[in-house]
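By written order: A, B, C, D, E and F. Residues from 1 in each chain.
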Amino acid sequence: MSEFGKSGIVKRTIERADAKAVERLGKSGVATVHEAQGRTGLMKPYMRPVWPGAAVSGTAVTVLAHPGDNWMLHVAAEMIKPGDVVVVAVTTDNDDGMFGDLLATSFRARGGLGLVIDAGARDARTLAEMKFPVWSKAIHAKGTVKATVGSVNVPIVCAGMLVNPGDAIVADDDGVVVVPRERANAVADAAEAREKNEESKRARLAAGELGLDLYAMREPLAKAGLKYID
Amino acid sequence: MSEFGKSGIVKRTIERADAKAVERLGKSGVATVHEAQGRTGLMKPYMRPVWPGAAVSGTAVTVLAHPGDNWMLHVAAEMIKPGDVVVVAVTTDNDDGMFGDLLATSFRARGGLGLVIDAGARDARTLAEMKFPVWSKAIHAKGTVKATVGSVNVPIVCAGMLVNPGDAIVADDDGVVVVPRERANAVADAAEAREKNEESKRARLAAGELGLDLYAMREPLAKAGLKYID
Amino acid sequence: MSEFGKSGIVKRTIERADAKAVERLGKSGVATVHEAQGRTGLMKPYMRPVWPGAAVSGTAVTVLAHPGDNWMLHVAAEMIKPGDVVVVAVTTDNDDGMFGDLLATSFRARGGLGLVIDAGARDARTLAEMKFPVWSKAIHAKGTVKATVGSVNVPIVCAGMLVNPGDAIVADDDGVVVVPRERANAVADAAEAREKNEESKRARLAAGELGLDLYAMREPLAKAGLKYID
Amino acid sequence: MSEFGKSGIVKRTIERADAKAVERLGKSGVATVHEAQGRTGLMKPYMRPVWPGAAVSGTAVTVLAHPGDNWMLHVAAEMIKPGDVVVVAVTTDNDDGMFGDLLATSFRARGGLGLVIDAGARDARTLAEMKFPVWSKAIHAKGTVKATVGSVNVPIVCAGMLVNPGDAIVADDDGVVVVPRERANAVADAAEAREKNEESKRARLAAGELGLDLYAMREPLAKAGLKYID
Amino acid sequence: MSEFGKSGIVKRTIERADAKAVERLGKSGVATVHEAQGRTGLMKPYMRPVWPGAAVSGTAVTVLAHPGDNWMLHVAAEMIKPGDVVVVAVTTDNDDGMFGDLLATSFRARGGLGLVIDAGARDARTLAEMKFPVWSKAIHAKGTVKATVGSVNVPIVCAGMLVNPGDAIVADDDGVVVVPRERANAVADAAEAREKNEESKRARLAAGELGLDLYAMREPLAKAGLKYID
Amino acid sequence: MSEFGKSGIVKRTIERADAKAVERLGKSGVATVHEAQGRTGLMKPYMRPVWPGAAVSGTAVTVLAHPGDNWMLHVAAEMIKPGDVVVVAVTTDNDDGMFGDLLATSFRARGGLGLVIDAGARDARTLAEMKFPVWSKAIHAKGTVKATVGSVNVPIVCAGMLVNPGDAIVADDDGVVVVPRERANAVADAAEAREKNEESKRARLAAGELGLDLYAMREPLAKAGLKYID
């Protein structure tokens, strides 16, 4: 953790979460994965997909950038391996459009699957046409400079959540969740178990059974003092 | 009004706005209904549909919940009658994803038509596929606990607007409007009259006639001091 | 500039940016135009299209309105010439739905191509069906009064950007950019040059070449102190 | 409740909460009163005193105003009786400075004790010098018009909370709380009991006793699964 | 206006508003000056003094800076003449602490009277001890780089308001107002007239006379449809 | 880092930053410390002192709480050692008043020096009278429940910044900065060196010397393209 927040470093070699586990996490989706790891790992809800229906799972290449400066995204491109998702934090709140279709083209050519950025993105329509998935705080055409170095592959805080390089990233219409690298397999197992369990519940609820009965809530509710009146 | 904001109560029996009136209000839509009742009843504009094109009209089953706690939504499910829309207020600002596809399945099985929640919703894509209409302050995967009792069918303030159980709720792409139960028929009448009136205006405006002339604004504008210069 | 922010004036005669230049700017799009004029002219990122895919370029008819009052939009309708986009500022922050399908019908009948408003719009679905492009701060059904005069065709600040009547306005999924009238041709030239230049870069990036090499960033990055570690 | 949100009405005669109870509530303060009535009645935290140390308790004269229009505050002045606090809601979000030192002078001359406004206030320094207590959403010099009628002494929602004319209002550095008129005495009793209880707790906590023991939390925490590790 | 928003320029020679007029405007204060120039010129209400009681009037030296970069504030220092207030806009939303006690020391040594910045300030306590008046969007210790040139003495938009170099700036507890250079004398006259007029009103209101009568509002209110009920 | 964000754990034994270093950091203050550690460690600017002039430096006891639930603050009290500052993160955005004068009394009795909370605080006036320093996101009287377990002394993200138990915390009017435990001495050295350096600069700037000359900026500015015009 000694490199947390430090500028001027690019770490070439990182360990990545298991590719199979990452794929399984993607199938479970953000809401299920978040629950499966004990309701942790979720970024703030202002992170929204640039185009509806976007979904991705991959391993994090992390970037620490300065406001209005996207230099480090070019540096990050070289660090991408197939299956990676680039995750960008900025040293201060900033909405500038640090990422557009050219960088998306470059990232994809290197095997990059998507982008999560606690700042702005632009070329929204082209990103949608390319089906390149991006989650951002804003859509903003504001161009950036290339003047101040940040870091690549150091631990960062992105949209309120700690991300270490190589962590599993799952993102869809419900937001973005981070799974620590070493827990990817365990969380994937828990997520699949949870899904199976939900399937049977869905059928019973669809048949009109109440959650009150399905989850045996009536007694604890009464104990907690809930009163029914007419 | 003595139960306003009180926790720990579920009211089983409520009077609902006239079903026919509610249906007519839905056809008029939010903007027209809001105008027709004297520009009142509108929730704050941060309430947005989870999927575009969602539209609903129904009678309110109200819920008062605690932040990060969706216990009372399960309690509310049992109170739903066909034609109801569940309206949820939280005792403090909160974005957690209190509602997802399982609760949507349950609500629909009971005859529930939709949800209006001054908090977050999740499973956004599944809700869209189910065509279950939801208006919320946020889309957030954040899971909730079931630990503290709130109330069902007490008067609440949701997104800045007072809602009594049984009130008519109309929601579409323009937001959410509340019509007090006893005024539903009168407002439906006024809304339909307004629509008819707008139809003829639309044709004249489309033909190039100016609102300045159509609404006879030139004289009051001059009186208010408006000056034309070249 | 002496009329900046002044209420009670309608300027009938304004000079408009060259129609051909405006059309060319529209083809380049917001992000490119913003870069081409030295990263200036962009409105704040809270300005979003009411329906996805909306895009327009035109010449500004400017409006200064009061909060909750859309009287001046009717006055503006008469000033519209084919190819115009109406741009509305409010004297204070306000989200009310000052513009809906009737005004859109009227604007279109006069040759108006779209609307940019630092406030709310309503009838969102109808605007989408009409394909009438609108950028706004909010979608809100809140109706407005017609009680206080503002101005038409005075210089305004809309969403943080200065707009003079007759300026070129370009808007799409990436936001809204303003090009001063007298610079429209020069900026259109610069934008097209930029696009051509990007085309060749896109191909090289798609082939896997890195921006680091394409833009010769390695040396300046090293000079700025960037260190690679393993 | 039939007058909720309705414009164009001034209700001359209202019942007010018991003056003695209101005074006792003021002594207990906002935080204690809020707890004493079951954690209800609190306005949103964006309501802040214009000058530090302001504190007031009184009976509500309610006002419904339009954005950027303070006409109804002049109407309200005539309805003030000694011991009243004027509470202002606006039909939409608005920060304009609807209230300044002249209105404060007028309100005070009529016996008004303070103001709570879900909008802006101005003349901040003079209000502080006058020691006239005001809670507002913003401090803003923005002047207002007098063009559109609202209402006085109808039920309103102010900063997220329902206020009926005559309700008890308590405000201090912790915010603003509303106590329904008919509950003022009971809540004052509960608040005083709570205070007495807190006094003894404060002494024990100051002596180093832990809340864990004072409130017997160790067992429920263990039951809830809390684990201590080294 | 051709230099609006342009980076890379420092204009050495500017015309300043009349010093006497600026002093008179300062005595009238923000709220009165804003009213006196027809309710125009006010910056957004998020601009707050760093320490309570701060008040200043002066002539604008304008700065356009980039996010997280305070290089141009050093450039601006050389352009300051006695009686100036430096007004800083940033090319995008940014809260970084661009200004602290060292720059305040430097500005004061050059005759600068204060700072208005649409970004952050730091060293809040020292600024208060120095009695150097600053209005900002945030107080934030975040340090900045010196990497990208902006401009000095070009027209800017600061907190939603157009500011030309040499304009009169008045700031106090109520916010910040801009008076165009050439209007400074006329607005100072109008402000003083307004103050005199208010003085007599204050006395009548303090004696219990109602604004309803003082401003003859009863008839227009009745015409506008206001109804009194019991 | 394996305990990051995990609920249900209390870590009894933590290593704390060197007390002497923490004291020295406090003397340097937030802005200097932030610069001295390479412009890192700063929490978001919405963290503000509850009373002006508050300042503290100490070692972090960390708390992870649930929205609207302050149970873990009572658990944390037992973990406090003299010289500690309690730092509270919540699992989701929340403004509730989790901390008031009773907990302050308890924390102080255990040797706690202050509180940093990414949520609300209450009893603002009493906290000021007690001179107990608190930084929070909001002042809100909203009471909380004690129903769901979180954690004490796990790594957390508070107001956008990673905090490990035992880290040095420095807070004053400029905000809150975190110094990793093992870097406390080195950063204290760097901060003091920086202060000394600033002292001599302050004198030269006060004498009218320009930062342009003091920092030798004229040449780099010219290289970056800055042009002076008349």
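Quick notes
Everything that follows uses one rule, which is that a contact is a pair of C-beta atoms (placed from the backbone, for glycine too) under 8 Å apart; a residue touches a chain by one contact, two chains touch by 3 or more.
All values reported here derive from a predicted model rather than from experimental measurement.
By the document's definition of touch, common neighbours of subunit C and subunit F comprise A, B, D, E. If each chain is reduced to the centroid of its CA atoms, subunit A and subunit C end up 31 Å from each other. Computed centre separation for the pair subunit C/subunit E is 27 angstrom, with centres defined by C-alpha atoms. Residue positions 39, 91, 93, 95, 140, 142, 148 of subunit B are each in touch with at least two other chains.
Judged by the touch criterion defined above, the protein chains form a pattern that is neither an open path, a ring nor a star, and not fully connected either. A list of each chain pair in contact follows: A-B, A-C, A-E, A-F, B-C, B-D, B-F, C-D, C-E, D-E, D-F, E-F.
On the side of subunit E, the complex with subunit D involves touching residues 30-31, 34-35, 39, 42, 45, 48, 53, 172-175, 177, 198, 201-202, 205-208, 210-212, 215, 217, 220-221, 224-230.
Residue ranges on subunit B touching subunit D, taken from their complex, read 1-2, 4-7, 38-41, 44, 91, 93, 155, 157, 160-162, 164, 180, 182. By the touch criterion given at the top, residues 66-69, 91-96, 140, 142, 145, 147-148 of subunit F touch subunit B in their complex. Within the complex, the subunit F residues that touch subunit D are 8-13, 71, 74-75, 77-78, 95, 97, 100-103, 105-106, 108-110, 120, 122-125, 138-143, 146, 148-149.
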